Amino acid sequence: MKYFGLYNYWVFTLLLMIGLYAVIAKANLVKKLLGLSIFQSAVFLLYISMAKVDGGTAPIIQHADEPQVFSNPLPHVLILTAIVVGISTIALGLAIVVRIREEYGTIEENEIQARDRDR
Amino acid sequence: MWTAQLPALVIAGPPAAAPVAARRPGASWSWAFAALASAASFAIAMLLALAATEVTAISYAVGSWPPPFGIELRITGFSALLMLIITGASTIALVGGKASLDSDIAPARRHYFYAAWLLAVGGLVGIVASGDAFNIFVFMEVSSLATYILIAAGGNPRALPAVFKYLVMGTIGATFYLIGIGLIYLMTGTLNLVDMETRIHDVTDLKPIYAAVGFVTLGLVLKAGVFPLHVWLPNAYAWSPHVVTAFIAACSTKVSLYVLLRFDFMVFQGSLGGHDLQFAGFLMPLAVLGILVASAVAMTEGHLKRMLAYSSIAQIGYIVLGASLMSVSGLTAGIVHMFNHALAKGTMFLAIAFIATRLTALRLDDIAGIGRRMPWTLGAFLVAAMSLIGLPGTAGFISKWYLVLAALQSGAVGALLVAVVLVSSLMAVYYIWRVVEAAWSSTPGAEAAGAREVPLPMLAVLWTAALASIWFGLQPGLPLALSRSAATYLLGQLQ
Amino acid sequence: MIVDVISFVLLALGAFFVFMGGLGALRLPDLYTRMHAASLTDSLGTILTLGGIMLQSGWSLATVKLLTILFFLMMTGPTASYALANAALLSRDDDAPALPPATGGRE
Amino acid sequence: MITAFGFVLLTLLVVTAVAIVVTPNLFVAVMLMSIFSLLMAATFFLLDAADVALTEAAIGAGMSTILFLGALALMGEREAKQAGRQRWLPLAVIALTAFTVIYATFDKPRLGDPAAPVHQHVAPWYLEQTPVLMEVSNVVTAVLAGFRAYDTLGEVLVILTAGIGVMLILANGRPDLSRQGRASASVGLRHHLIPRVVGQLLIPFIVLFGLYLQFHGEFGPGGGFQAGAIIAVGIVLHALLEGEAAGRAILPTPVLVGLMTGGALLFCAVGFAGMLLGGNFLDYAVLAANPVAGQQLGIHLVEAGVGITVTGTLVAAFHAFADREPAA
């Protein structure tokens, strides 16, 4: 169990790095948004991992009289919010990319910059 | 009884008005509604500011759940000052900028635009009113998304890549902040800021907290556009609709700085040993470099709005410099500069919006001779510019004066910092002079030759804002009192 | 006990079929044969696996839910395969070389 | 056993993420992203976060994929070869971030440790007080729509902002084709009998399941976000089967805007009702004679507002993309 615990944090770190790399290094705007999505998902994993309690179950209290162990509900609530924030950002970003494609004829960052210089 | 509900009214008013504005297509209707809602929030913010001067902090439990279990609103002098800036800038920009907005925003987009505007105001007010770390994140996203929309709402295609860059960097900044508060929550088990201050004492020397300090500071510095991370700012300011520039230049980066100061001074410094030195050591060089480099770029920049955008980056440097001095007078200078700069820069961008109703291009060559055709608009621009430079008798002088005093108190580096402030003020004189030289040039450009002065009601709004810079230069009582109470409140944790 | 053994056999068979389907999707030469491999084995594998779990859960609400899941999978799986094959057929480019090589990545 | 399963899932997550970044085909990358979200949802479920898993599956794997595909249909699916982009800056940034994160891993409490500070202070209070104060069995719903309802209001505003933004940004520039519909999209899958019949058969069940989640959120996993996303998927499926024009016809833009804004207004109205009845903003206890009944009423209304806004926004965003003609 201990090993699994550390593994969660490693995966969080790796996903964070992969996402950030795609956002910074990729020129394609859709790729950047995908990277942003991975980057945010990594943070979701961090929060949900910290909420886990050994031997716990989902925080739904069915029989209040029996003593039961529950995982921490608060990070779940926060991440529900964060997931929705994530898709809102992505939707807005995609709308902007579509308009960029229409105005510039490309979704590659370097070509857009080149076109801006020509104006 | 009724006044106790003021915090809820100010945070819930603009967001509740936004859906109403989005429902009804009809250009003048949605404008009037947004302006009215904005003015109402300004009035409430004023009442709240008066109430906030009497106590240290007004606490309001949303849903009547006691903090830290529910979400707490916490209005201090600092947040009240920021609220005045936000709602005031929004009201002045909306009321004065109607003509400019009508020409910039396509009719099919207007009701959405004004809804987004109200959401931006609501989000920014929500950030400064909140006393809960995660709640700040949520409202940060409301205001950021709404700001992206406002920037992209005009017809200029160059705004699109600019806003995409802003969206990506803003989201990275917000996510860094989210990682930071996640780590703090991991170690303290709470999200309420006041509760965090007390509980963080038990875990100060643990590594996740240090990492959290890094993430929170970096994320907010990114969103605030502090010097090396400012790359999203110039184009976002330059290509957005002109009135939007006036609004966001006045308040959006300052709100991120507010959160930065709130976190670093109240949560981290009270409990982490040596944090104040690290904070100063990290931010002071950035501030100094930012002031000098951005002013230098502004001196060579040929586009009027981009020039002022670089000037804004330099002014953010002043605010950060004041904060990094770690003294009451330094913080007071930084915070009062938020107010004074918002006033001056908002006025200048509004004046540019007026010029843009007469001209299509805003390079320095294009505005040649405009000062002779629109003397009142350019006159207001110059009054605000004097405040930006910091001439005595203007509001800008007050903040620079306090900054110099605080720098002199801070020992050996003080003299150097004073030199930086003086040099950068001279640089500001230079780039403002370039505008004056172009505007009053004797050979007017083709468009400028036919330009007419804008109508009297618009000038009245503009001059109100411009004269406010003079008024608060001569009577700096209210902003200074709020700033000083904010500074002592922030630093109170250190002693 | 006997129920356990039967359910174990069902689960193992189901896993085998799903595995073979995956192998086929990776190794077969073109899109149609790959889809053939994946969709047929997938249907059978699902029936066997869900049957095995149903035997484990006995007469309970869980079994009803599993039956519903099975029903929906039986509806959607073949339909999705049909739609995919149809789309591939419609978008076929006659000049292009027959079909991409079976390296797995692009379909 | 479950530990091993989680191990495999996490490894697959990393592999998928790498594949998303590496593949030059954007269409493949988007499909991989959908798989990534599904794997993430399964991981969340293993970590006891049933509500979050449901949301991630519905929003991450479902709606977000649809939006990506809708946008990709308007541009090419190939990523250009990158030449001469500098590499050291991204690598330096990533190295620094990774260093900080790994640094933070030391002194971190072990995963699942019940004595960790994160499980002490606030969380047990929610677990104890929810059955007493609200008589709601799903604590996540109680915190989301009750104790921290103000966060959820902010979240509804984020969704509303995104919806307004997508409609505003895509509102002009190119002509709006909502009237005649795009030639290819307007036909949908109408000529393909099997998908159409099966799809039409499924839609009522999808919407029914969404409604179940909406009203069952107090007792089991579910709530406004999940319900809204799933109902939106049902409506979008209808538009895909019958064509864009028919999809528009059942929910025209003014109706969608009405849903988007109506849900947010309902949420705000509940908040103001609390104030008018003598409590604080979003205080549900004063809504009914009995505080517990008031809490339940408030949670129901607020969740309904969330569901309405999410449905309206997601469908509106889909139409905003699907309506456009691809740029030349």
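Read from first to last, the chains carry the letters A, B, C and D; within each, the first residue is number 1.
By definition in this document, contacts are C-beta pairs under 8 Å (C-beta built on N, C-alpha and C of every residue); 3 or more make two chains touch, one makes a residue touch a chain.
All values derive from a computational prediction rather than experimental measurement.
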item	value
If a chain touches chain C and chain D alike, it appears here	none
Labels of chains that are neighbours to chain A and to chain B	D
Winner on C-beta contact pairs when B-D is weighed against A-D	A-D
Distance between chain centroids, defined by C-alpha means - chain B, chain D (Å)	31
Centroid distance [mean C-alpha coordinates] between chain C and chain A, Å	30
Chain centre separation in whole Å, for chain D relative to chain A (CA means)	12
Where chain B and chain C are represented by their mean Cα positions, the distance between them in whole Å	57
Shared interface positions of chain D, touching two or more other chains	101, 105, 108, 116, 118-119, 122-123, 126, 148, 151, 154-155, 158, 161-162, 165, 169
Multi-chain contact sites of chain A, meaning residues that touch two or more partners	20, 50, 74-75, 78, 81, 85, 88-89, 92, 96-97, 99, 103
Pairs of chains, among all present, that meet the touch criterion	A-B, A-D, B-D, C-D
Residues on chain A engaged by chain D in the complex (per definition of touch)	1-2, 4-9, 11-22, 24-28, 30-31, 33-35, 37-38, 41, 44-45, 48-54, 56-62, 64, 69-81, 83-92, 94-99, 101-103, 105-108, 110-111
Residues of chain D that touch chain B when the two form their complex	100-101, 103-109, 116-123, 125-126, 129, 146-151, 153-155, 157-158, 160-162, 164-165, 167-169, 171-172, 257-258, 260-262, 264-265, 268, 271-272, 274-275, 279-285
List of chain B residues in touch with chain A within their complex	134, 138, 141, 145, 148-149, 152, 157-158, 160-161, 163-164, 167-168, 171-172, 175, 178-179, 182, 185-186, 191
List of chain D residues in touch with chain C within their complex	23, 25, 28, 189, 192, 194-195, 198-199, 201-202, 205
Chain D contact footprint on chain B (complex, rising order)	5, 8, 11-12, 15-16, 18-20, 22-23, 60-65, 68-71, 106, 108-109, 112-113, 115-116, 119, 122-123, 126, 132, 134-135, 138-139, 141-142, 145-146, 148-149, 152-153, 179, 183, 185-191, 195, 199, 203, 206-208, 210-212, 214-215
